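Look for chain A in each of the two complexes below; its partner is chain B in the first and chain C in the second.
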Partner chain A sequence: MSLDYVKVSPGFEKYIAKEYRDFVEHGPFGKKVSVSQVGTFKEALEEHPMCAGCAMTLFIRLAIIAFPNPEDTITVGTAGCGRLAISQAMIPFVYGNYGDTNAVASGLKRGLMTRFPDKYKDVVVMAGDGGLADIGFSMMMHSWFRREKFTTIMLDNEVYGNTGGQESGMTTRGAVLKMAPLGKKFDKIDMPQLAKTAGCVYVATVVPNNPRRVESVIKKAVLIAREVGPTYIQAYTSCNIEYAIPTDKVMEDANNVEKDRYQFQEYITDEAKQYLADKWGYSEYKKKEIPGEVKA
Partner chain B sequence: MYLKKEYLYEHDQPYKVMPGPEGYVIPAAASMGVTLPDAGGGLLYGELVTEDVAMEEIARRLLTDPNPTLHPGPLVIWAWNEHAIEKARAVIGIAAEIPDLMIIPMADYRPRYPKVDPEEMINPNHPNLTIWHNKEGICVFVGVHCHYANLTLKMIRAGTNCCTVALCAEQGHEDAMLTVRDCDAAKLWKLAGVIKRVREKMGIPAPTAAPTGGFGPVDHKKIVVHTPEEWARIVESARTGKNFAMAKAVGVPPELGRPEGAI
Partner chain C sequence: MSEQEPEQKTNPQGDVISTAAPVKVEAGKDPHAEAKKQRVVTPEYFFFEAPRERVFITGSEAGKEAVRRANVDFSIAYPITPQSETMQLIGVLYGEGYVKEYYRGEEENGVMSTMAGASRAGVRCFTATAGPGTLRGIEPIASWPGHRLPLVAIFTCRVVNAPLAIQPDNIEITYLLNCGMILFHAENQQDVFDFILKGFLIGEANDVTLPVGIAYDGFFVTHARGYVWMPPKDIKIPPRQAYHGAVPVLDAENPPARLSRDAPVQKSNFMAYNIHNVWQQEVWGATERAKKYINYYMGGLLEAQDTDAEVLLVASGSAAAQSREAVRLLAEQGIRAGIVKIRSLRPFPTRELQQACAKAKLIVIPEYNYVGWLAKEVKSALYGELNPTPLIIGGPRVFGGMSMPVELIVETVLGGLKKVSPTQVPVGAGAKGNGGKKADEMSADDKSKLAHFYQNI
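On to the complex of A and B.
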């Protein structure tokens, strides 16, 4: 497999903008990069128009670094803050209508599998809690029931950030928001549990203040979705505007929320463990030989 | 030609695709009755003409309008395959015939906020910024996918007085003022030949300096990209095909193994 599509046509090398030249020479395509190397390579996402200090931006940046093959990845997003950054990455982005991300991703992934049967083409949905847990709920659940092979990442800021602070199904009970002044009347949806029930083979919850962990879960989720089944990651990505979190307290807030309702959880089926071990060399999932066991 | 009735009642003449600014929300030329040319044809300000007539006018304007600019799109600027490289060669052939040319690529279509650098890129979501900044009198798009050409050409017509040219690999583009269809490498070389002939007929000497980038953000002078000697070498290899090799390979094939650094 060659990476011809990241070479500039002859004669135009010096006309193309410097940032593309830098990306061709120092970008992550065709290389294995890690969050610990940030600053030593040109990232696929740099500029974005999101609010200063927004934790969602940090998470998206980490997630994109963590994609195992960014040059063969397509992201799917929708209305909501996250797409403002995701769409600016040097990775193809599909804008689904609000609510239909997982239906779009299903078709896209199936098409890619037909068109490129010998190649992995990763599809990753990244959308807000409103986009996935409310209006996109049915399409997300059905994509899981059908065991569609792509990763869904919920950017959970526990509010409709982009439209000024309405409550979502993922808002916590009692939370008072600018456009939900009476306080939320019911509990936060237990989406990880629903994901397991609906057939996801890998489910994890993370906060962005642990970049290595974010990287780890995203890589696993994307790899597993290639062949085993749907995977789901739920990330707490606070909205410092709607929850009035001072910019310098964003990480502190993530720490507190991690202790409170966002403890790290990881669920992985035996089949997915075996796949990671056999195909991708994850030694922690290698079956331990039981001493004295007689092999057939 | 099919003409939208309302337009005819209002203006009593066919809709013309002319340099703007035409207004904030302009119609798609197709909705005003402009149709795409058949094989061998082109469009001249919305009117069906032969390819030769369209090419002559493209040449004349490229040689006489201020700050002519080439905007090669992703299908030319990236070496996807041999076909893209062959087209890139021919685009260099065209560039070599136009004095005082600027080359400002449209390398991709992703939105660029908070800002673009209009001296070195054009973005389909706000192409007018690059046209304004570089005071482009005429601009040529080649290798831009249809759906983004739609957006770009309309925005330029809406908000600038720049003449647009679409060298389209498919059926031509009715939202461009001048367009030629089926622009494979051979057709692009033909256009290079037409520009050369028209230039000589007009007594305009062949350019010696290389095409520049756009107007620098600080000194407002056109950005020099190549020395004349470097450019002469590029043109020579484009014309002969010799040493017009693939650009340096970048990156290594992603092997199927556990990604380094995975935990």
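On to the complex of A and C.
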């Protein structure tokens, strides 16, 4: 629908807040924007109530810039810090019940495909590690088994941040947190591996201190989900409050964690590669011509 | 002559019954051909003018036939007895092209959440569950009204475990009464057919925009056959108008409504309380506004017969069917009794019930559950409203899957006429109400009360 649903009705311009008019005139809808252009356009997410130094907010901001068609994107979230920022964006957002994101997204996506068969309507789940790996685990896995065509992004801060610092399934073994007073007794869930096993056609792990990489994986994940199958991105988005990371050390922590357990990983099926190459012009996935090869 | 196909079991309409497979279509023919020929007609023509034929089918088949004519886009469910037969028949409709999206869901919390997502996308949604499934899905179900999602769900009532039982018992309705959804209780197969179709139009009305739940008693209605008058299968009601709801759909085509736009709404402060307060008032206000559509399409929130009689049976669902027979048996004994069947539990027909009960001296409320949710509703509606106050007996009740002998209702009426209620339980030995006597010291009068009680549970 591009700009139409945010456009101001003629004659009402002077009554509309400047922020809003700026978004219509200088926002990302109907344009191609990239993280390298930050500062030159009005972002869909600017103000938010998150804590100072929150890496999750930076990641969400980058992710929203990376959406290939923000004007035709709907985000789905659940309880947790992330939704406090996501809900501030100029993008329709569903906040349902605890851990229901991937079930809601399944219905939403199929409903939109029924109503708009000739149009891409991107559905993106953005929820925390507790919301996806613990309470929403079954619905998330089943959405992947069914090969639902939407992207799931885990905002992994390895703790129940919004709830007040309880251990989650994505917490590392041994970490002492509320409800794990003697240290967590089992390993961090290997969700990327589970995603591959469950049928995700694109899986990536990232940290937010590399904006271009974040942008790249989000774009690919959303595009691939349009036609090929489910995609999953797991982002380390530290909780500087519960893990007591000084605000000015948040990026340093991300660097350390990247080296320790969050190395960049990208898994993409051949079908997804071909789709990106053929449909969206990704040259790196174009089949290389071998000189002298005899074609069948 | 070509080889004969093995004979398929069909219902009187010629549709394959109780099978997961769609009707066989000859090679080269479009399996959706029949569905594509369906014409959209106005609700007025569909409900009030179209010719109807009478068929003898189960409640599950009545549900299927309603969905066939209901222009449903999206329908998923998790299998659970006694609902599964209905939903696998919807699968047949999907195979034939009458329903656009369909699959077996993962479990009810997931299913009801998925229904919420699909309804937000603006498509017409239908689902079903039963007993334990209802409770498993109750978190998303209870949030549908707040999200203003006009979908239709059927609840084929069964026991809520434990102990495990799959038999009918409509205790689950007590959990559904206070969600804010429209809730009907179907008595028979005809009600199932009518309520589903009308439910879409009532729930999708602009000033309602609420989910509609249709409860009916498992097995007694789902699996038993009854006569259903239905219009031909080549017509259907108009599709959902996505942009006619009170709350915008989330399709990135129009400005969305955000329930959680601003952080303060989610925190504990005056604004948060106020917003939530206003929103709840609006949801319950919408159930009240649904009354005019219920009256228009369903002919009233309740159905009353012979309310001049001094004895009135007030019932819903299968208990209403049993009450009709009790009225006949009582007439044979020279006792005139009227009947009030509650069709709509939410909105509850408070004023209509007060009017219907104005002349009653004895009101008996038979139910298929232990807790007596209908008796509580009726007593709340009538308390302090009638002069002289009638004797209201909350019973008889059967539960755990028992059927209700009509004689039990008759006995309760006869007892009531003598001012004896079967729910006046004789208290046990040593209790104050028994005058501190031990059980073996019961007076003759107590023993007869005890006998009366045990006869009637």
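In the analysis below, the second predicted complex is superposed on the first by the 289 of 296 C-alpha atoms of A that agree within 3 Å, B and C clash if a C-alpha of one lies under 4 Å from a C-alpha of the other, contacts with A are read in each partner's own complex, and residues count from 1 in each chain.
By definition in this document, contacts are C-beta pairs under 8 Å (C-beta built on N, C-alpha and C of every residue); 3 or more make two chains touch, one makes a residue touch a chain.
Because the structure is a prediction, the values reported are computed rather than measured.
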{"item": "Touched partner set for A:A89, first chain B, second chain C, both or neither", "value": "first"}
{"item": "Partner chain(s) touched by A:K14 [first = chain B, second = chain C, both, neither]", "value": "first"}
{"item": "Partner chain in contact with A:S216 - chain B first, chain C second, else both or neither", "value": "first"}
{"item": "Touched chain A residues, chain B compared with chain C", "value": "B"}
{"item": "Chain B versus chain C as contact partner of A:D100, first or second or both or neither", "value": "second"}
{"item": "Partner chain(s) touched by A:E47 [first = chain B, second = chain C, both, neither]", "value": "first"}
{"item": "Touched partner set for A:E71, first chain B, second chain C, both or neither", "value": "both"}
{"item": "First, second, both or neither for A:R110, with chain B first and chain C second", "value": "second"}
{"item": "Partner chain in contact with A:W280 - chain B first, chain C second, else both or neither", "value": "first"}
{"item": "Partner chain(s) touched by A:I153 [first = chain B, second = chain C, both, neither]", "value": "neither"}
{"item": "Contact residues common to both interfaces of chain A (with chain B and with chain C)", "value": "1, 4-6, 49, 71-72, 84, 87-88, 93"}
{"item": "Residues of chain C defined as touching chain A within the complex", "value": "73-74, 76, 100-101, 103, 106-107, 109-111, 113-123, 125, 139-140, 143, 147, 242, 250-256, 258-263, 266"}
{"item": "List of chain A residues in touch with chain B within their complex", "value": "1-18, 20, 24-25, 27, 29-37, 47-49, 68-69, 71-72, 84, 87-90, 93, 120, 212-213, 215-216, 219-220, 280-282"}
{"item": "Residue numbers on chain B that touch chain A, as the complex places them", "value": "72, 76-81, 84-85, 88-89, 92, 103-105, 107-108, 110-114, 117, 120-121, 211, 213, 225-226, 234, 237-238, 244-254, 256-263"}
{"item": "Touch list for chain A against partner chain C, complex", "value": "1, 4-6, 49, 71-74, 76, 83-84, 87-88, 91-98, 100, 103-112, 114-116, 121, 138-139, 142, 146"}
